[in-house]
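Below, each structure is written out as structure tokens.
What follows is a pair of complexes built around chain A, which joins chain B in one and chain C in the other.
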Partner chain A sequence: MWRYLRELWGGFWSIILSMQITLRYLFTRAVTVQYPEEKRQLPVRALTRHVLTIDLDSKELKCTACDMCARICPANCIHLEGEGKGKARRPKWFVIDHNLCMYCNLCVEVCPFDAISMYTGMYELGGFSRTSLVYDMETMHADGFYPTIMSPRSPAGAGVKAPPPAGAGKQARKA
Partner chain B sequence: MTTVNLHLQQVKEQTAESMEEMWVNMGPQHPSTHGVLRLLIKLDGEVVRECIPYMGYMHRCHEKIGENRAYVQIIPYTDRLDYLASMYNNWAYCLACERLMGIPIPERAEYLRVLIGELQRIASHLIWLGTFGLDLGNFTLFMWCFREREMILDLFEAVSGQRLNYSFMRIGGLALDVPEGWLGDVKAFLQWFKPRLPEYDRLSTDNIIWQKRIQGVGILTPEDAVSYACSGPVLRGSGIRWDLRKNDPYGIYDRFEFDIPVGTSGDVWDRFWVRRQEMDQSVRIVEQALTEIPPGPVLAPVAKKLRAPVGDIYSRVESPRGELGDYIVADGSEKPYRYKVRAPTFVNLSALPVMLPGYLVADAVAVLGSVDIVLCEVDR
Partner chain C sequence: MPQIREELVARFYALFEGWGIPWIVPRLVVMLVVVSIIILFISVSAMFLIWWERKISAHIQARFGPMRVGGWHGWAQSIADGVKLLLKEDIIPTQADRPVFILAPMVVFAAALAAYVVIPFGPGLIVEDLNIGILYFIAISSLTVLGIIMAGWGSNNKYAALGALRSAAQAVSYEVPLVVSLIGPVLLVGSLSTTKIVEAQRYLWFIVLQPLAFLTYFTCAVAETNRLPFDIPEAESELVAGFHVEYSGMRFAIFFLAEYANMFTVCAIATTVFLGGWRGPLLPPWLWFLLKTYFLLFVMIWLRWTLARVRVDQLMNVAWKILLPLAFANLGITGLLVWVFS
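Let's turn to the complex of A and B:
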């Protein structure tokens, strides 16, 4: 009987003790973020949707359709066809199927021309059909500087450029 | 004899069948099985008599996929095994390939691997502690553990760009060096994290309800643990001092000072306590690695097209869940001829039938939680 009461009291006491610790957290700042309204600042390396980078002067795609990325991709989701010979070789069409992509960064690492980047900060890719996740060359055509593995800094060299605000995403790119 | 018993007696006589035992399905959609696991449990009233785990609901042909991919291409798939400790899966696979191909790794990469691996161990144990608390009804602990785990994920996101499936290690080192100031962030994290551990203790370890709930439940004797080839905290909880970081050192673990916590009786409490202390030890290792880390390259010069010499290798590491082994048979081409993963949770889960019988069905959840399964790794 006494043992039972003692255990009962012990249980109550540990509940009170735990309550004491947790109570403190009522008065501290929340660690959570109210997502759609507030957005976290992504680190530069955050792997998000691909972009085909451009030469900043001529605004031409750097890609030479060498097919390296398509061959290394484990998920087999990059498809492209090139046209032209030698230095003038450029992709005719270039498609990445983001339904299959594993965001492994292998295609970016293997690219010898620094022509593809995943440091874009575009992560809100939701769509209403599967085809909406298949991105073609126009959609992935960069509109300015994007950090890449070889050049994680801005071209001026003035520190790390934060990725463009997420969610400016697809629409802005298309316009 | 009470009236109820009398009534039962009558029913039994009428149906001429044993009313005492029945088979009950726990899962595949049970919320506390941490995935898609089906346990077939034979109940005698409230007491578990037998348990048969059914696995394979999440089989994804990992090994067969591996046989059709080049060596580098397998790395992203290894993430998807034990997704709570992806870095460790990367490491295990890359280490196997490096041993097979005889590639030496730069010093800095070795240190960073240990550092990242131990952070991953903390993160994995945190999520285990949190979900284990959730199984036992301690929701606050769950939230707190996730808060700290989230910080580790932020650190990993800063280095690898991913929060769960990192694909960060490469054959020959790491994909990239850590960004500037990252090591300082790790230090700041440890500053925050170390006082949190006693806080968890006050909420769980010192809590009498918690103690009563898990002490003396789900006992796994050392003999059974060995004969079922258990590893990791499940084995150490049964009192066997076996940790591959000490017993078969890989990487540079022989340079660090740390202890291996072991349990005494092999119950759920011991497995909990081993993991809880391992977090302390991991913090120690991370601190040592932070002070000793040298500058230099992080990726050894390796060929773009990796070919392994003909031969085979079994290489193992101590993942947060136990002995994670990779067996690769190479035939000289770009792809492995045979690729096999020894998943620690698969083996540990197989010991569940000897842990459960004799305990209440309410304890089954606690025992299952203490094994720390990740079903993507179990089913592969």
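Let's turn to the complex of A and C:
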């Protein structure tokens, strides 16, 4: 009899205690982030879409078309062709196929001039066709981005996305 | 309030008598109006409850729940769901027992609806103040299980049949402590009429005098309405959905409506018998009644998202070995004290 009552009380008390816990959780803030309206702050060095950086003084691409990023890319998604000799050498066209990119950051690390960057915060890359994920040179420096490894935040406003031009896919296939 | 209502009804009857129409017509019209009001109330409160339950469950799990439909915190979610359910195709399985299958949700809903007759929303705000109110509620509330058995049997589905059998076992077991726990307050009042019970709690709510009876009643009420932790008739992990596996669209919506209507009924009776019904300071009586009832409903939802489902044998243990002795102990002590003090 005594044991029966003690077990009964124990059960009742445990229900009260667990209800206290659920009540506390009822009034904690929900962890959900309401995505399109609010977005999570990305880590400073999150690897996102590539941009080609621009030299602030000359307002020109830093890229010298040395082809090192294209060679180191394990997914073989970077294609470019240069023109000009010596210091005047610049890419004629530069295409990154983001269908293939595996976000390894090797192209950024290997670049001798910090001319390519992935610290851009552009992660909303969805498109309605595969060609819309193929980015050409105009798209990749359209925002005037110049993020570097040391100062990844862009003054030009992160998250600005220019739509890729129509000819982007054709260029990729040609290369 | 009751005087105005009675006068209106009397004038209505007189009007028809003047036109020479038989007396049954105006009475039927009045009944129809009252039933429509009740069905409207049930629908609105069920829709609110579904939304509320989703919100509470979400916040207990640190989520938001419905946030999109209707703008402010997804308030129109249940309206959208209701419209969707009404527009869906009405599927009746070929192997089902057609008339039983079709009738089952109606029986469940009719039982849930009939119990609203004795709920006193305020002084005079009661459909019919029966002198056997509590007895009527007990009788009607156990009618729900008939509809559930019909649904389980008519579906011709093993999960549905199992769910219905479990529901029958559960309802029969929990009916006993439920009734016995309600006898305590009835002994104190000396009447089964719900209005008289509320009026007897002018100075002291019966939850103070009968805490054991309240706890027993509330536990049994949760079990009667087939809700967690006693929802083994529709245990999703074992029985898919229990007795309403084969139901879809509008018929499923009626089952859903009946479940929430039942929840409201048992909480309303708990408010009437233990929490002083419509009595309270400042606010109007009907608001007090709804506030108390919705608080109990909140406790029910809160309990649902706190406790895990019990096993079948545990369910029977709780009913016969714990709740019934407690209810009888409470009844014995109450009877003794009433006999000593009167």
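Methods note: the second predicted complex is superposed on the first by the 121 of 175 C-alpha atoms of A that agree within 3 Å, B and C clash if a C-alpha of one lies under 4 Å from a C-alpha of the other, contacts with A are read in each partner's own complex, and residues count from 1 in each chain.
By definition in this document, contacts are C-beta pairs under 8 Å (C-beta built on N, C-alpha and C of every residue); 3 or more make two chains touch, one makes a residue touch a chain.
Fair warning: this is a prediction, and the values are worked out from it, not measured in the lab.
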Chain C versus chain B, contacts on chain A by residue: B
Contacts of A:105 with chain B and chain C, given as first, second, both or neither: first
Contacts of A:22 with chain B and chain C, given as first, second, both or neither: both
Touching partner for A:84 - first (chain B), second (chain C), both, neither: neither
Contacts of A:34 with chain B and chain C, given as first, second, both or neither: second
Partner chain(s) touched by A:72 [first = chain B, second = chain C, both, neither]: first
Partner chain in contact with A:45 - chain B first, chain C second, else both or neither: first
Chain B versus chain C as contact partner of A:8, first or second or both or neither: second
Chain A residues contacted in one complex by chain B, in the other by chain C: 15, 18, 21-22, 31
Parts of chain B lying in touch with chain A, wherever the complex brings them together: 69-70, 72-77, 79, 140, 147, 150, 154, 157-162, 165, 167, 175-176, 179, 199, 202-203, 206-210, 212, 304
Complex interface listing, chain C residues touching chain A: 56, 58-64, 67, 215, 302-303, 305-307, 322
Chain C partner contacts - residues on chain A that touch it in the complex: 8, 12, 15, 18-19, 21-23, 25-32, 34
Of chain A, residues touching chain B in the complex: 7, 10-11, 13-15, 17-18, 21-22, 31, 42-47, 72-75, 102-106, 109-110, 118-119, 149
